[in-house]
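Take a look at these structures.
Each of the next two complexes has chain A plus one more chain, namely chain B in the first and chain C in the second.
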Partner chain A sequence: MTLKFASQESEPVARNAWLSPFLFVTLIVLGVLSLLIGRYEISPREVFQILWSSFYKFEAFDDDNQWIVVQVLRLPRILLAVLSGAGLAVAGAALQGIFRNPLVGPEILGVSAGASFGGVLAMSLGLVSPAGLAPLAFMFGCGAITLAITLSWLAGQSSTIGLVLAGVIVGGLFSSLTGLVTYSADAESKLPSIVYWLMGSFARATYGQVAFAAVVALIAIPPLFALSWRINLLSLGELDARALGLKTKKLRLAIVALASLLVASQVAVSGGIGWVGLVIPHLARMLVGPDHVRLLPVSALLGGIYLLLIDDLSRSLSETEIPIGLLTSLVGGPVFAIFFVRLRNRGWNND
Partner chain B sequence: MTELRGMELEAEFAVVGKELGLAYKEGFWVIKRLSFSIKKGSVFAILGPNGCGKTTLLKIILDLLQPQVGSIHKRGEMALVPQLFQVSFAFSALEMVVMGRAKKIGLFSQPGLKDRRLALEALERLNIADLAARPFPELSGGQRQLVMLARALVAEADILVLDEPASSLDFKNQALVLQWMKRLSRENGLTVVCTTHQPQHALAAADEALLMTGEEGGLVGRADEILSEANLKRLYGVDIKRLSFEHLGRVEEALTPVYLKLS
Partner chain C sequence: MAAGKLNLAICVCFVSLSIILLRSLFAPQIIDRPEGGRIVVKDMTGRLVRLKEPPRSIMMLTPVSWHYLAIEPNDMAILRIPPYMRLEIKASPLRWVFPSLSDRPLAFLDNNSPSGFSVEETMASNPEVVLVWDYLSAAFERAKIKGLIKISADHGEKERLYKLLGEMADKSRVVELLYERSERIKREIFSLITSDMPIKTMLVIDDDNFSLGTNRFYKRFLENAKKIRIQNLAQNSGTSGKILNVETYLALDPDILLLNHFLLASSTMTVEDVYANDQLKGLKAVKNKRVYHMPRGAARLEGPLEEHLLILWLWQTVRPQIPLKFDMREEIRLSYRFVFNYELTEDQIDQWLRLEENMRSFGYGRFKLSSPLSAVLNQ
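Now for the complex of A and B:
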């Protein structure tokens, strides 16, 4: 459905070829507009002046409130929201491809649960600053997927279903550990910040976090894009993919590892944000079809736009910030229910 | 497994299996002392009851399983036409065919114009170019089977391996797929290896057949000779009649099981 023919002789033309450039421009425009949103009113003209000045003025001028609002408060959280959304959506699209199942999300491998535990553990140990808890969260996220892969390997189940089961086991284990630490945390001093962090937020975004998320994205996203056509082949199933010459086990592990890096880094910088990696790839698939070569980049752009918009809502809907994770599940749940019903009607089959 | 260019694999053969043995569990041989040679450019059918090891043998031929005993030699590249299957995502027919180019496309690369052109040519070869843009899951069983055949063609393989190519198709599409198997062997010089549950398909399309009787070695030989009433009774444990009749001025033969009647 993604292809049509201009004439019998010519090459097939990809549908919606303009979509990626359009989404990219949309993302930039929304990013700039998002700088205007917030309690402290700044005119578009002032925002542009501040952005422009940052190209040649590097020293901060502490007394300039507008500068602080734009450069210190709003810009990093906008960048972080876009990076997190893009990473989650790409991870989700890649995992749905290799698990041959459009109804799985990146949470299925236990990475989010592991990273959440790492973050909560750090906070209970007194490491409440973004820079303090991120390393532990990231490490536990990576640890969780290593554990899941090892477990599936020990069980002699390097197959898709083996990996998913191992991920569910590891995820369940870390969720209960998170519950344990949360339960025993000091109700006055630590519990509120833990609960708030678990619901996800970009409110405390720093350039350090932006740099961290950007580095992980640069490590993980280009190889996933490069492997995107192989994800098409993996989605055909084990026997067929192997007959087409793929080293399925290695390839699947590599893709799982790269997707896990993205998920772990997102949790490390912004806490628990669900549904993005599940819903956005669906939306992308509706727009450009199932070919992962086009699906992954479009998912990245849509994911960035989506979390940016959700973050704008979270800081403008009410007096106090609404946690991101709450909004993504409030929006994601119903939207996904619609996809689910539509898929059933189309006779989706995963044999 | 080795691909031999020298003496061991005579030039006229595409695949030679010698004394093959494979057991999934110790002592339970799925395949035991199986020997066969498949001539280049011929159609070779593998028959046997459920669980006799047909699919296992296909995997051995495709290099996806290693036999524990014996040796298998092959000359040329293989392409699989899997059993009529479902895809998880609604790729277009053309996208499906392009996937056949996998072995020619680097790990981090994506198919280019040449690959799409070859895919389109393969669809044209099978007279289904009009399906190119259609979503694969929306095609009929026969159309899907032909698309998968086109996918095998773009692999530029010498040996096509088909798993139950005509089993779940209606009569017209059975005839179409069987005809294409024969034509690709005669006109393109491809070696075609297939499994089938229908002896009449083997009789109609295959030059040679292997009957996996479960006994050591099985039975192998020219299709019209080996597909005898006695051999098929031995293979399936039911009576199968081989009938001759005249049709459009030619003598045709058919195989049909004799189903038990209640009463």
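Now for the complex of A and C:
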């Protein structure tokens, strides 16, 4: 099953030549506009003044509420939302490409479940600060994918399906462990924050988390972009890719590892956020076709825009932070259903 | 051409991420403006918070209005309350004492909401004090919210909470007086205990799933119960706070079964439900009609307002045969008068005691207004 849409073989590529620059500019504009949105009223003029002052003013007194709201509350969470959205979408697009399966999301390899368990474990141990929680979540996310790869290797199933099965097993195991820790967590002091974290939020975003997510993105996204034409070859199928001289096993492992890094870092900084890595690559594929050279950058930009807009809703719709995972599911489910029907009508090619 | 575009995409990505990384490595800093304040409050995480005056506007993101109002019985300073607090006000005597308090805007979306209240919304309300759970305080602390006082969720530290709120309201002496009175009454009750009194066993049912009352939530209550020779069977069973099957209840077979009054336990179970439950009919407590719904007081009936009332109620409920010099109804009335300067009516006292619901249970008639004690003892 390759990811190729009958209507997207030639013309969309030419038609959407300016799409990536347009999305890039849109992302920056939306990022700036998001600084104007929030429960604390600040005029656009003041926001722009504060933003401009970023170049020369690095500190302010604790009674300068407007500066604090823009620089300390809104800016880091906007940056984190963009990084997380971009990372999840790129990971989803890359994994769908190498597994040649449009239903594959970043969750399939058990990375999210592993990272979620790490985060929940950290909170149950009292490590509730982002600095205490993120490393453990990231470590368990990476551990989960290592376990899945080892398991598929031990089972002699180094094929795609073997890795997916191993991912499902590992994911199930870590989900059960998460349930166990959640069940035994203190009902008043720990359970609420665990439940909230599992639903995902950027409410606690710090510049430290942004730096962490940016470093992981720097390690994973440019190499994935560089490997994008090889993902095209992998999506042709194992035999074709080998015939073209590709070392498919090593390449697949490298892509899985890079995608897993992105997913683990996202869960570590913002908890469980579903659907982004599944829905956004489909949207991107509708716009630019299945060529990963174009698909990955467009997915990254769309993912960033999507999560940025969702986070704007999450923090401004009500006085209480709405868990972002709830909103991505609420939006992602119906949107995916629409894609599903439209793509089917247009001929989703399952050769 | 394609390779050129790919290289451009990689470059743009690399540069953008590097800019974000640099920006976050040189994160903006908030500087504390040195501020004097007559009132110094040490919050439950050990931070010192300075206030110029007792607060005139309080954002209450933790359900501690009951405790605060026991010290400063003026609810006008409270800007917002958590949803649990609204439920509790409507279900407890708070609604009689502070009738407008339940109309206060809420600080969370839903009951026991795990999500944090918007920090920006808090800043926009510009309160003088923000009371927040310590485990939900990270975002508030990061924004250096003024007057941020963190409350520990450890309910074993109720006395510390009262002291903290007393400092905050600049009424530490009131807290001392409240505790002096409560402790004196408890001492008098405990002094009546003799070692030959048989130990009674009890279990507290938390909710409709038959969860057991946890030791920590009722730490003080269970400690006090032990002092009057009433043993909580869940204490040693390792099952406290967890859902039990009915067989475990039958195996533990307590002398007395208490239904939790605490709203968060979300129980809709009544004494009548327990008596009507066929699965529970083999229990000693059910056979002997020793099932009671705990009084309709505030929160966990803790602190200097109601802790002594609860232990007095337990004593008189478990051992109705032994007369005490304390009249339960009178003690409830005196406590509310002393703390809130509020005169409870007889009907309100009946409601506090859940007289109607508990009336079928053994010995509860002693709490009835019209019943002479001797008549009840002859039941």
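Throughout what follows, the second predicted complex is superposed on the first by the 324 of 351 C-alpha atoms of A that agree within 3 Å, B and C clash if a C-alpha of one lies under 4 Å from a C-alpha of the other, contacts with A are read in each partner's own complex, and residues count from 1 in each chain.
Note that contacts are C-beta pairs under 8 Å (C-beta built on N, C-alpha and C of every residue); 3 or more make two chains touch, one makes a residue touch a chain.
Keep in mind that this is a model prediction, so the values were computed, not measured.
Of the two partner chains placed by the overlay, chain B and chain C both lie in contact with A:Ser228. Comparing chain B with chain C, the partner in contact with more residues of chain A is C.
In the superposition on chain A, A:Leu239 makes contact with chain B only, while chain C stays out of contact range.
In the superposed model, A:Ile169 makes contact with neither chain B nor chain C.
Residue contacts after overlaying the shared chain place A:Glu319 against chain C, while chain B stays out of touching range.
In the superposed model, A:Gln71 makes contact with chain C only, not with chain B. In the superposition on chain A, A:Met139 makes contact with neither chain B nor chain C. In the overlay built on the shared chain, the residue A:Val331 is in contact with neither chain B nor chain C. Of the two partner chains placed by the overlay, neither chain B nor chain C lies in contact with A:Leu103.
Of the two partner chains, chain B is the only one touched by A:Pro290; chain C is not. Common to the chain B and chain C interfaces on chain A are residues 226, 228-229, 293.
Of all residues in chain A, those touching chain C in their complex are 20, 24, 38-41, 54, 57-63, 65, 67-69, 71-73, 76, 79, 83, 128-130, 186-196, 199, 201, 203-204, 206-208, 210-211, 214-215, 217-218, 221-222, 225-226, 228-229, 293-294, 296-297, 300, 315, 318-323. Note for the complex: chain B touches chain A at residues 59, 62, 64, 78-80, 82, 85-92, 94-95, 99-100, 102-103, 105, 107-111, 113, 116-117, 120, 129, 132-135, 137, 155, 161. Taken together, the chain C residues at the contact with chain A in this complex read 2, 5-6, 9-10, 12-14, 17-18, 20-21, 23-33, 107-109, 112-121, 123-124, 133, 135-136, 138-139, 142-144, 146, 153-155, 214, 216-217, 241, 264.
Listed in rising order, the residues of chain A touching chain B in the complex are 1-5, 8, 11-12, 97, 100-102, 223, 226-230, 232-233, 235-237, 239-240, 242-246, 285, 289-291, 293, 347-351.
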